[in-house]
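Below you'll find the structure I mean.
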Amino acid sequence: MGLYTDKRKTTTTPDGYELLTHESGPIKYEFNWHMGPFWSKYLAAMRDEGKILGVKCPECGTVYIPPRAVCGQCFVEPNEWVEVGPEGLLKGFTVVRFPYIDPNTGHLMKVPFTAVWITLDGADTRMMHFCNELDEHKMRVGMPMKAVFAKKPRPTSIHAVDRFDIIPGGKVVEELHPPRMEVPIKMELPTRKTAKRKGATAKKATKKKAAAKKK
Amino acid sequence: MGKRVGIVGVGQTHHASQRLDCSGVELIAEAVTRALDDAEVTLDDIDAIVIGNMDHFENINYVDTWATDGLGSCMKPVFKVTTGGTTGTTVAACAYYHAASGLFDTVMAVGWEKNSESDTQAAIATCANPVLERDPFAGAIGPLATEYSMYMEAYGATEEDSAIVAARDRNNAMNNIYAHNRMHVTVEDVLNSPMLSYPVKFLDMCPRSDGACAVIFASEEKAKKLVPKPAWVHASVVRHDYTHFGDLAWQWMPTLEMATLEAYKIAGITNPLKEFDVAELYLPCSTCGVKWMDSFYFCERGQAPKLIRSGATHMDGIMPINPSGGVIACNPIGATALLRVGEAAWQIMGKSGDRQIPNVKRTLSTGFGGCSWSDVMILGADLP
Amino acid sequence: MERVAVIGVGQTKYSAGKRETFHELVFDVATKALKDAGISVKDIDNVVSVSSDFWDGRTISSMAISDASGAFGKDISTVEGDGTFGVLYGMMRILSGSFGTTMVVAHHKGTESNMNGITNTSFDPLVERKLGLDAVSSAALQARRYMTTSGGSEEQFAMVSVKNHGNAMNNPFAMLPMEITVEDVMASRMLATPLKKLDCSPVTDGAAAVVLAAERNAKKFTTNKKRVWLNGVGHCSDAYRLGDRDLADTRALKQAAKMAFDMAGVTRDDIDVAEVYDAFSYMEPLWLEGLGFCEDGMGPEMTERGTFNMDGALPVNPSGGRLSANPVQVAGLAAFIECVLQIRGEAGKRQVKKAEKALAQGINGMCGQSHCVWILGK
Amino acid sequence: MAGWKDEVEEIIYPGKICVPYSWTVGSTLSKWYVQLRDDGEIWANRCPSCGKVYVPPKIKCIECYKDMNDWIKLPGTGTVETYTVVHYNEPGLHPKKPPFVYGVIKMDGADTGLVHLIGGVDPDKVKVGMRVQAKMAKERDGHITDIKHFKPIA
């Protein structure tokens, strides 16, 4: 190994020409996405009625958000509409502090913002949305939250829900870690002694560290 | 029944945050040339080619046709496969099936990405449902941060545990001349690095890189003719279940567990820590290097911190993880998972240079990406 | 080598402006293909999906169809390109011995985006893309080159359009069944010389699915009548830049066809019906030359003679071809499915008599850079 | 719940992907573009093995997969191998208003063609086999458009 020239730091072509980049400027691809019957009904109900609708699988009973034409596990069409939420439990969150380009606009996103994953009461899958709380230490998985609908006229999009708010004084519901199936795999935890590979010497490690420090 | 297949050559570029000297096609050519050299073959020996990357990182449609000059695919069979983060293992699996099917003898898998050409996070944001999930989808880091904070609460894992993994992989990268990020860091350095999204810090997280990797697969008869010590494919398994990001449960990794178990079954693995000599795992973040130890069935649920602290996964341990430095040292996304396969193959072939683990008989490589897409490939020194 | 059969097919009617999402279209065709095969989703052990992040307008768009294609808990992978390449990968997975029954699905919603803008992204951003080339203008360059080398005329190309739109009259899945004349084609709006509107395929929505099975499973699941064997396949790519190729030279297709015919062990004379990738009218005679059904340069004349009409020596594109419906990733798969229906004798009013061997072609890239050729048989 | 699908409002969501790209030109094409930009010259490179001359230059010979180090200056003239007069309007894409002409120009001194615009001539007068020469743009910035178009040799 190491037979090859490392050209990472080169600043010109091999014969000294300037290396160029081509800047595209804003490239815009426009789409007219058909929402199909399931997402159309979902978005319309959110906009017109201030309701969040899920669909229930007739076989396994899973209630899906967003609604969809097929339950993956059962490969059948969910055939029952159910209203879920507007309250639910926080299942995940992230406070985004580093801006990136918003693919909707080509401009940098406004940060910070908090993205949340909510399991709405009555639903089995999570809805992704926003929250005004920017301090992650004030948030905890399992907290109850509530959808706040946007003022009318509401847009035909998930922004018909303006955000989710933490329900003050709500009781945190712990997430259970489901037990694992029995498997024919041995999982013995090694001790410090048995964890070491036979014949592996600490010497090499020290040598490496020394070399690393030199750099 | 299909043919047995071995890896006979691996090539990779020198990876960097930006390879200004190389266009995408030149980057591919660098990896392809090195793989051909490594296998001591010429392009004439290659019967078919598979390529993969993610379209929106470079904005190129039909990459299989565009990359012809670098791939050397003019007047050769070629097509493209792509599955997001797992593209690398997807390409590897596809090349494996090419050769195993008996339709082609020698097949080259190529994964590449030129992440410097766009805002990686913006491109990743477009993988969420554009209407229902794109706006609040803040990239990979949110789910990873959440799953680890839940794991910490449930099992008492700490930020230090993941920092140990970060320090392990980053220091391993010191032995890998190709890696993008090569720096000596301590556990304290990791803990003191800027917080990205609690509990994930800057040095816990993977970078984005420019790079390419090419791996040559050959059918049994051909592989034996070409090289003294092919790395034989023992199992290749993929699982992917979910359609929306909100479908994912983060307490555990169902697809990773399913794929791992199936691969272990095919390869006859019953005690992974003892039976694997090296693992090259797609760990996009050091926290995954803790939590996912459960999912790979290296330990019982919740025991990962103890496993990490035992040293078993360090360079002098019984099953070193990521001698190459792994994903947090180098992440050319479409090539990342293929590098896992290529690095594992080199370990078996004894070509890993400063990062070589002696006498490697069996390795585990994985890919991770998309909406919890999980790929597992097991390689061995002996025929399966 | 173990044989692989197609045991089930499903396709939507091809049309413009479908209201369903591509996820819903895929569920529809996957369900139809399973029903056609008479099996349940549990009998499928792996899935190959075919999609394109550009057309779908999202990264890793195939993740949105895992559930819909029946991949839950199964091994799934994604080919980006034409559906014929997806079938190829599905067949390899079976031949490898790892799988027994593969679902292959493809979808396309062309009407949701700008066709020209997206095909422009197939050109190198460092060179040709900035000139504004797209599928239509580059095809026009190829058409002119082909006219120069073959002596073919615009009227002869128009005859392809007349024939295929006419064939579509008998295909309930086609989007543009039309009884038109050469004059109609010649009088249609000029897009890029020599190509007029009716020389070009329409922007189309649709999806298609096929179920492939290893011989042992095929015989278990289906009757002889439903089974169609994959006799031969070949694929090959030419050079990328249009200027690197002689656009009227079909060497990559010739190579792909050679692989397919060698593998199938049949000759051109054995083929009873062909579905050729006529995204533009001139392509049909050009590819027929490459496939070896006529000598180089003879395609336009043989078309005029009626050789490729429904009552000709070799009926070509009985479905109406891509000119009558061109859902891009699906297009080759639709051609493939038409061949299956023809061999089964299920092609209704467009049935070719005694169709025992059929050939289908799919394409990736601009001006037919990369080809996939299939030979199917009873 | 049969029938609800027919009653539901048909929603079409206008969406976008809008992201800028910065493409690395790389060692081979950077040299080509710098020569084009600074000197107004079109160069090609030649395969050391088969001798084939490529324009735009290649990283590797596409037939032999050999490195290409041998560069040749082309006279900038060539012959129209094929062309098309574009009549449809695609303002976001096209460099000019229709009708305009694309051509593949078989370049003198090279074995390949260059795809470009043909200008300085009535579109209806363009013919296969026509001799043309490159006309450079006045302002050049290292892109393919540094060649304004190919115009007929008088």
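We just call them A, B, C and D in the order they show up, numbering each chain from 1.
Convention: contacts are C-beta pairs under 8 Å (C-beta built on N, C-alpha and C of every residue); 3 or more make two chains touch, one makes a residue touch a chain.
None of these values were measured; they are calculated from a predicted model.
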Chain at maximum distance from chain D, centres defined as averaged CA atoms: A
Chain A-chain C separation of Cα centroids, rounded to whole Å: 37
For chain B paired with chain C, centre-to-centre distance based on mean C-alpha positions, whole Å: 34
Centre-to-centre distance between chain B and chain A (centres being mean Cα positions), rounded to whole Å: 21
Residues within chain A bordering two or more other chains: 13, 19, 21-22, 24, 27, 29-35, 37, 39, 43, 68, 72, 101, 103-104, 157
Sequence positions of chain D contacting 2 or more other chains: 10, 13, 15, 17, 19-29, 62, 92, 143
Residues of chain C whose C-beta touches two or more other chains: 19, 23, 54, 57-58, 66-68, 71-73, 114, 117-118, 125-126, 239
Touch-based graph of the chains, sorted into line, ring, star, complete or other: complete
Complex interface listing, chain D residues touching chain B: 13, 15, 17, 19-29, 58-60, 62-63, 65
Interface residues, chain A side, partner chain D - complex: 13-15, 17-35, 37, 39-41, 43-44, 79-81, 101, 103-106, 156-157
Contact set on chain C toward chain D in their complex: 19, 57-58, 114, 116-117, 120, 125-128, 130-134, 136-137, 140-145, 148, 189-195, 239, 241-244, 247
Residue ranges of chain D touching chain C (in the complex, touch as defined): 10, 15, 17, 21, 23, 25-26, 29, 54-56, 62, 81-88, 90, 92-95, 102-105, 112-117, 128, 143-145
Residue numbers on chain D that touch chain A, as the complex places them: 1, 4-5, 8-31, 33-35, 92, 142-143
